[in-house]
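There are structures below to look over.
In what follows, chain A forms one complex with chain B and a second complex with chain C.
Right after this comes the complex of A and B.
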């Protein structure tokens, strides 16, 4: 039935009813924009974390004392290497450095730059890193949050750290991490492992923790049990635990937003339903005329549903494009703060542009179905009444 | 062309406020005939006209229009029947005020499988017969009462119907426009259209037509 003439008539009607549609269009666009922004941001963060976790150790071992983690003896790593299934055991040196002028913490990570795997990971993060030149002097790689804070106190090229033994250590800023990695590197300082030991006060016989690699995922549970039984004061953190913790964090925040969104959407649908239920007498008359002239109930419903669908689809498209621009071009101001939090330094993040089309389809259905239902029922009610009565 | 047999129409049947609008009406209208259904307000003439136009269904009795029994047609078939065989002219014109004359005339054809060219030809022809071609691009809200009536006539003719049903067509017209309407009706009748007019306007007495009086839902022949 829907030929060119039908759509011509439909556009004429849309134009005629533009005042009625415009308020619904604006509210719909806003709702889609909010929902899409939350979903796009949450999804992009999830992707970032998944990518990062891929290159992380399968187990992290910590030594516990009085319920807190303390430095781990290096001798442990030799013991763990002997466990079948463990391909690598790497002691790691890192810790928090309190930046007194601003009462903030930096995260110092010491890296053995001769370790092939770690160098590779770092090369992924910073391309064109000249390792030889970097190691010639006390140098460091810093995140954007650290850079902003050091700039604030005029440390443009270097910073002088104080060791726990009150010695001063001047370290040059060699390079800044790219913005895209800010989710993880924002408050991070990477330096040579020996320099990090000195600044953090970790002796050569100790490390902060030990990272273990297990190439066979199916063995993970067995290895976990073996590790736990090795020492009484051991804590074993699995990669899957870290992933779960991140997921829980973002799902919790995203979930809160979704609940709020559901409430807003429900309210909107009720308004929409009411608006279309109280079909104005002019609308009723129009339906009556069409029915009297030979339009069937089905034809009238198709007309009304198509009319509303065009409004809804237009609003969805605009809302989604605005959300994409907001999240990936403007880096989601305000909203991002809620998701990232202010655990340490304020973040300035550039997210990788990625769209999950199944998610877009879900968003579309989630929005369009209730919208169309809210329109369909009143339209059907109006079209089944006696045409003569409707025209009066 | 139109055969009504023992038509009864009861509104709100089986309810305390039920009301019998038509009582055992039988009426035949021949092909190309011009019939005036005359009666005061509430006499049942509009109800009878609506039954002829399959806008409402009778409570009992049979209705045959152009050989097709329409008394119990389901909605889809009744709509098709109206779209193909009938033309309606209503008391208050019932036009889309914000659309142009041509768009109003074309509405009936928009859900039919026609080419754009065929539609333009039908719309132009209908507007020509109704003498409203000169206003084809004007929005209906800007037209005078007489012009609106001409637009409504053009719309009623656009599907080349065999039967034209008019419900109080001169109620909103002055005497000059009413006379013009009568002239148009004569022209349409001369073209072989079967026309039924429900009215209480005495101006139609000047027409050479069969007049049937209706009173309290009962047909009185004159």
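Right after this comes the complex of A and C.
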């Protein structure tokens, strides 16, 4: 049955019933487009973030006081360095700076530019960076979001920070981080560690927290226990906690859309069921003629199901391609704001094109299976019509 | 009649092909990784309100187990030797 003639007849039928199919095709395309956009965006963000996980510290140590994280004494880092399995203990200086004119926060990160590794990383990130010239004056490197905001207030070349001791500190804008790093750098200001201490009010005997590195993953659990037992007012954050948090963040927002999708899909299935249940007299005649010509019930069902599958598959393909274009070429306007948020500095990033094919196949199944289920019963009902009665 | 569908199918196949090509030919930038190595901070610059901390991913796992009930791991035996 399924030869060239069958498909020719199928296309004829599709063309004849185009009014019936076109509305379903448009709605289906729209549903697939919205869901695919959300899934593609969430997945691309997650992929980008997961690539940065390797650079994170294996443990982060914070000192806790009254349920809040406070500055950590530098002496702790020497103490932790002695634990077997810890290869490096790095005190970090960072914090948030409140930008009053716009009521926004910047993240100031202090970097020791004399550290060889840090200097290498910076050279990799910003080509043609003259370190000597950079360290001559109080300079800073800023993200795109910070630059846009400072420009808005006419701070084109510098910004005057206010220290907690009511002193003013003028810092020049040296360069802007590349746009590709905006997911992390958008609200960040990187400057010399001593300058950051002064602006954030962190004394020389303290740091914001301590990053610890452990090259052997098998030792992680053991080291964790040792760290927790060192002090009573300590908080130990493992790399796996950060990975879990990333997953939670994106699953939460993506999950909300999935719930909405379920509701939309159920409604759509009901509409489909009703639409295909309405067998018109011309349809009845058509089926009657086919049956009289010797088509079995199975053949008619195959014809009807294939007809619906063509519509569903076409809609899926078109919806997915449109979603790909929307997310990776147009950078998902409007939808991206739901993931990045509206409250703080506007984020302008281009996502790296990536598709998780297992996710695409899951999307396909989640869409095609309910679609075909909704169509199958009306198709069967239509095909069991008595041919004589139908043609009368 | 199937010419119309053949044309439509060709357009869809072409669009799909272009999507695949753009996916395969993309050059991954290492800027994000380099920045992560430089700052070593995990918090995303996703917009947050002023009362939300930038590093909101940090969860307190201190009370995950009772302090005296240390879980035995294989490394304990290695250290014991």
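Just so it is clear, the second predicted complex is superposed on the first by the 371 of 392 C-alpha atoms of A that agree within 3 Å, B and C clash if a C-alpha of one lies under 4 Å from a C-alpha of the other, contacts with A are read in each partner's own complex, and residues count from 1 in each chain.
Here, contacts are C-beta pairs under 8 Å (C-beta built on N, C-alpha and C of every residue); 3 or more make two chains touch, one makes a residue touch a chain.
In this text, all values refer to a predicted model and were calculated from it rather than measured experimentally.
Partners chain B and chain C, brought together by superposition on chain A, fit side by side with no clash. Of the two partner chains, chain B is the only one that A:391 touches; chain C does not reach it.
Look at A:109: by the touch rule set out above, it reaches chain C but stays clear of chain B. Between chain B and chain C, C touches the greater number of residues of chain A.
Within the superposed three-chain model, A:221 lies in touch with chain C and out of touch with chain B [touch as defined at top].
Of the two partner chains placed around the shared chain by superposition, chain C is the only one that A:187 touches, whereas chain B remains out of contact. Of the two partner chains placed around the shared chain by superposition, chain B is the only one that A:286 touches, whereas chain C remains out of contact.
Using the contact criterion defined above for the overlaid structures, shared-chain residue A:245 touches chain C, although it does not reach chain B.
In the superposition on chain A, A:366 contacts neither chain B nor chain C. Judged by the touch definition given at the top, the superposed model places A:8 against both chain B and chain C.
Within the superposed three-chain model, A:48 lies in touch with chain C and out of touch with chain B [touch as defined at top]. After the two structures are overlaid on chain A, the closest C-alpha atoms of chain B and chain C sit 10 Å apart.
According to the touch criterion, the shared surface of chain A, contacted by chain B in one complex and chain C in the other, consists of residues 8, 12.
Across the complex, chain B meets chain A through its residues 46, 50, 53, 55-56, 75-76, 79-84, 86, 88, 90, 92, 94-96, 98-99, 103, 106-111, 113-114, 116, 119, 155, 159. By the touch criterion stated above, chain C contacts chain A in their complex at residues 1-2, 4-5, 8, 12, 15-16, 19, 22-23, 26, 28-50, 53-54, 57-62, 67, 70-71, 73-76, 79. Against chain C, the residues of chain A that register as touching in their complex are 7-8, 11-12, 14-15, 48-49, 51-57, 60, 62, 64, 69, 84, 90, 92, 94, 96, 98, 103-105, 107, 109, 111, 118, 121-122, 124-125, 143, 145, 177-178, 180-188, 190, 211, 218-219, 221-222, 225, 228-229, 234-238, 241-242, 245-246, 249, 314, 317-318, 321, 324-325, 328, 339-347, 352-355. Contact residues on chain A toward chain B in their complex (touch as defined above): 1, 3-6, 8-9, 12, 16, 285-286, 288-299, 386-388, 391.
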